[in-house]
Amino acid sequence: MVKIRIGSIGLGRLGLTHAENIANKIRHTELAALCDMDEKRLHETADRLGVVNRYTTFEEMIAQKDLDAVVLVSPSGLHTKQIVAALDAGKHVFSEKPLGVTVAECKEAEKAVEDHPEKVFMLGFMRRFDESYQYAHKKVAAGEIGKPVLFRAYSQDPEKFIEGGIAFAAHSGGEFLDMAVHDIDLARWFTGSEPETVYAIGGCYAHPEFGKYHDGDNVSCLMKFRNDTMVYLFAGRTAPHGYNVETEIIGTKGILRIANVPQKNLVEILDNHGVRKECSENFLERFDSAYVREMQEFVDCIIAGRKPEVTVYDGARVLEIAYKCKEAFESGELLKF
Amino acid sequence: MVKIRIGSIGLGRLGLTHAENIANKIRHTELAALCDMDEKRLHETADRLGVVNRYTTFEEMIAQKDLDAVVLVSPSGLHTKQIVAALDAGKHVFSEKPLGVTVAECKEAEKAVEDHPEKVFMLGFMRRFDESYQYAHKKVAAGEIGKPVLFRAYSQDPEKFIEGGIAFAAHSGGEFLDMAVHDIDLARWFTGSEPETVYAIGGCYAHPEFGKYHDGDNVSCLMKFRNDTMVYLFAGRTAPHGYNVETEIIGTKGILRIANVPQKNLVEILDNHGVRKECSENFLERFDSAYVREMQEFVDCIIAGRKPEVTVYDGARVLEIAYKCKEAFESGELLKF
Amino acid sequence: MVKIRIGSIGLGRLGLTHAENIANKIRHTELAALCDMDEKRLHETADRLGVVNRYTTFEEMIAQKDLDAVVLVSPSGLHTKQIVAALDAGKHVFSEKPLGVTVAECKEAEKAVEDHPEKVFMLGFMRRFDESYQYAHKKVAAGEIGKPVLFRAYSQDPEKFIEGGIAFAAHSGGEFLDMAVHDIDLARWFTGSEPETVYAIGGCYAHPEFGKYHDGDNVSCLMKFRNDTMVYLFAGRTAPHGYNVETEIIGTKGILRIANVPQKNLVEILDNHGVRKECSENFLERFDSAYVREMQEFVDCIIAGRKPEVTVYDGARVLEIAYKCKEAFESGELLKF
Amino acid sequence: MVKIRIGSIGLGRLGLTHAENIANKIRHTELAALCDMDEKRLHETADRLGVVNRYTTFEEMIAQKDLDAVVLVSPSGLHTKQIVAALDAGKHVFSEKPLGVTVAECKEAEKAVEDHPEKVFMLGFMRRFDESYQYAHKKVAAGEIGKPVLFRAYSQDPEKFIEGGIAFAAHSGGEFLDMAVHDIDLARWFTGSEPETVYAIGGCYAHPEFGKYHDGDNVSCLMKFRNDTMVYLFAGRTAPHGYNVETEIIGTKGILRIANVPQKNLVEILDNHGVRKECSENFLERFDSAYVREMQEFVDCIIAGRKPEVTVYDGARVLEIAYKCKEAFESGELLKF
């Protein structure tokens, strides 16, 4: 049976997860190359996963003839450039979000994808591949909850990783760009509609360091969508209980809540703290199998000659909306799309 | 031991509950008079509760010399007038919300209360007397969840009572005035702060009838408070699962959720619908004991010569805020306080 | 309206609760006498509740002519004697469990009740008056869960009160008599049937002190009832999370769980321990309103000339079954009823 | 990297799952042969999974020289014979439970394993590979809940699959052998101890058909273990809400509950049935990833030359205990081990 040969760039936490999934858990594929600037990390990982081809520059990797596809888990600022280069080199491309760091970059990425219609391009909106989100989406699409009234989403990083958040603040683009993008994607996916207005507020409730970058440690926004759905997004970096990604869709006939309790597993503990569930620590734990399922979809699309549901336009649109949220937050004004 | 003699006006659902509570469950008190325009209802209730003094007009009732206090559960439009008249007649006053139907009326009520400093005046913000809300408030006040970041509140009436909502729409003043007032009160109580801005949206998702009154069947607003707390309120009339009053306070060190599942009782059912809890049907069921506790506080205040925590100014301020939310909803503008 | 004049004996924790309920929360009644050997406690309580008639012996109290009824919250060993004396003195009687401490005593109590058919006698199986248990019982009686298959009940005292348990061990009669009696009553009430066999085990898992009295700190038994229902009861004294009274009825068409999470209130806490609910501390907190409802039923029965659903025979039968469980536990044998 | 070549026999529901997992999800392995008596099913599956070597008899399959290991998902009555034959043919063996259908067969299997110490033998107690069970086991082993007091386990098949249960009743050996074996394994694993006594009851509450085979549709037993842990097992075939496998370990310092709500995923539904979670339909859904993880462990053991934690003796001991439970159920006697 055919094997899709993939080269992956970036071996940070998420990059490592993708590499391991490709090596061990994804059907019909082979991890055929690895790329990272950090040579020690590169060779250790390649040794462990049995990968022969190792690169420290992306250009070298995409020059490898027998690679069918590349997976980009590099810094955000490099995404667009690498997407374009890889497509031009004849590779299918899976890129982590964001598509680019400016709206102009996104346009560039869109053009590159359009110029290579025979190639599969997919963006890493992994939440769409989580079983619970898929289950909920099916119910919404089937009309089981009636007409959507309110879409509410929380994305919260645990307080215990705040140092990382602060260190990254100068480059993250702020909470709307860094964290809320997944929820913006989900809002569009669940409602099938686009925002018309946005009002955004927030602040530095625990960590004034974010103020330097015109960011907050907790922010939120209220948007009216074209189909009248109300959309309320909240993003925070100080969750006491763990990694909390929670979504609610209130419809006229039913309400769905996804991960209302962001439980680690099915164990309930009864002790001197009461009756409790422990929570997922981070996105890798919470979306463990979603990462496998999205990569499988990428590979299956290549094999079947299908295009993924998530398009380059979704990536561009989400970034554009996130920038508008950021602008609303910084200006304090009600903005229209 | 002293008995506070109370006369109560209005024998609708809530009025009946108050009358029964005073007759049967409140210490140190006696239901000494009843007033309702509907004579049949008046006499039936008075017979059942053993009340001798029966009136069809408020003026007659407050003329009764040996009454210490009155409880107003009359139509909203009569509240201010009756508050003033009762205080002038030397009675302590417990009034259901709202304090009045205009800001001018609220000022009038404030003045009447100020003119009778020896009298107890209390407004029926019963949620403050619910054990769960009190438990949460203590934790917040003790700093257990750190600095408040987000206050989120839902007030949802069940879809099955929608006919009543529609019938009442012309007089209710809209969802912000009719439903969100309790959450506005809670937001001020939990955060100890006041709103600075408000953006409000919503619509008629299932019942276009509300459009005639510039109202929606589901609405929401996002407010920034002076102390930076984000406040998100949602009010709806189409809850499929029952009467849902749910509140969340996200702090920098902890999060509290009150009635996240608006469960009727402690019974969990496992059947062909899955594992489930049934929900409270209406406010009378959900706030059953809160109604008793607030009335007890009113009586205890009279006996002890104390003043209730909820003041006439709270009532006035809440109404003012609700009107601003309504104005924001109708105009689509971002408004400042 | 008629007022039932009640005298109450015993001012321990539960006795105090009953006295306060009668004084403050029960309709159509008056706390007309108090009795306790501890004079200081007696006068303090009587002063606070405004009770004029105060006694240090039960004999004196029942000699009070205008008392309609007595409430017994005295030590278990005195129950039977006081029941008989009070009935003979022409009083209605509400007695805390147990009916007596031997089967012979129960027979005596039965006879006294039979000899005074015009008097109301009621035993304090308060769980039957808890709203959740009543709600579940209605569903079972209406056939909503089909035929009962398994009745499982846990009664657990919190570890933090273990000192009291140890101090009381010499007199408590052991966990089956002291704790499981409520569950034995519930099992009979929910299944409408009687036990045929019992096998009981357990031990001293944390506190060897109970071994001296042939008791354990945690015990359980499996019984087959005549109608084939399996009944599994567990009683423990070392619950880490609080006072846990939990009941499950598995039927052929549905399953009901009562207080699966013995939550204190509707507040959910999200903090560094995860997502959690705090639990009730003790029986007074958990069954707060059940104590009010059962006493109201006692008073209403007197006024209406009705007999309570819980009879003296229930009390006798439950004790007999508890003794058989105890015998099974001590012998290690499978016993038949 | 080395690839373990596996041949799998039996393509029923579970057999198919194993075959697909080996083909698609297990690292370092290759599905190198398939065997099933049903030729249509055999070829369809082999075509789909790309397997060249296809057999209709087990003897032919194990004659295939380049097979390293076999996976047995054949009817229970064939297990022992096939285990012996496969080991003798030099293959590593993974067998679904039970090890055999008689204690004598289990001895035979034990001997075969002992005769081939260089071969990996593993039995399919997949629950030990479920993440929630593993998480709980670690906590228990680390002493986090203190000394085990009660181990309670439910295994319930949904009523909607009852036809299959009835059809299978003549061969299943009854609920203790067919269903409770997993819980017997878990009880030994969690407590590290062995049963001393057993009392078992139950009946045909909804489906008299099981009576013909001296079985019930719902049964339970109470066992005392050597270390004093109380063990209560319940097995039923009429669960209204889905596939319910639920385990509780009460310790002196904490309590763990695994899958107290056997939820399908993280979606909570609020509709006219209340607030609810839907449940797993069957063992394949509930233990989806456990099946992957156990097979991976089998393969990893072969590669590393390790022995699995689950031994042939576990399989033999569990069967012996299940037979004693069955005997206790049929005789109505208290039995000792």
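We just call them A, B, C and D in the order they show up, numbering each chain from 1.
Here is the rule we go by: contacts are C-beta pairs under 8 Å (C-beta built on N, C-alpha and C of every residue); 3 or more make two chains touch, one makes a residue touch a chain.
Everything quoted here is computed from the prediction, not taken from an experiment.
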Path length in steps (a step moves to a chain that is touched) from subunit A to subunit C: 1
Between A-B and B-D, the pair joined by more C-beta contacts: A-B
Centre distance in Å when subunit A and subunit D are each reduced to the mean of their C-alpha atoms: 37
Rounded Å distance, subunit B centre to subunit D centre (Cα mean): 56
CA centroid of subunit A to CA centroid of subunit B, Å: 43
Interface hub residues of subunit B, defined as touching at least two other chains: 239-241, 253-255, 260-263, 269-271
Pairwise touch network: line, ring, star, complete, or other: complete
Residues on subunit B engaged by subunit A in the complex (per definition of touch): 146-147, 149-150, 159, 197, 199, 201-203, 205-206, 218, 220-222, 224, 228, 230, 232, 234, 236, 238-241, 250, 252-255, 260, 332-334
Parts of subunit B lying in touch with subunit D, wherever the complex brings them together: 239-242, 244, 261-263, 269-279
Footprint of subunit C on subunit B - complex, ascending: 1, 24-25, 27, 50, 131-132, 135-136, 139, 145, 253-271, 289
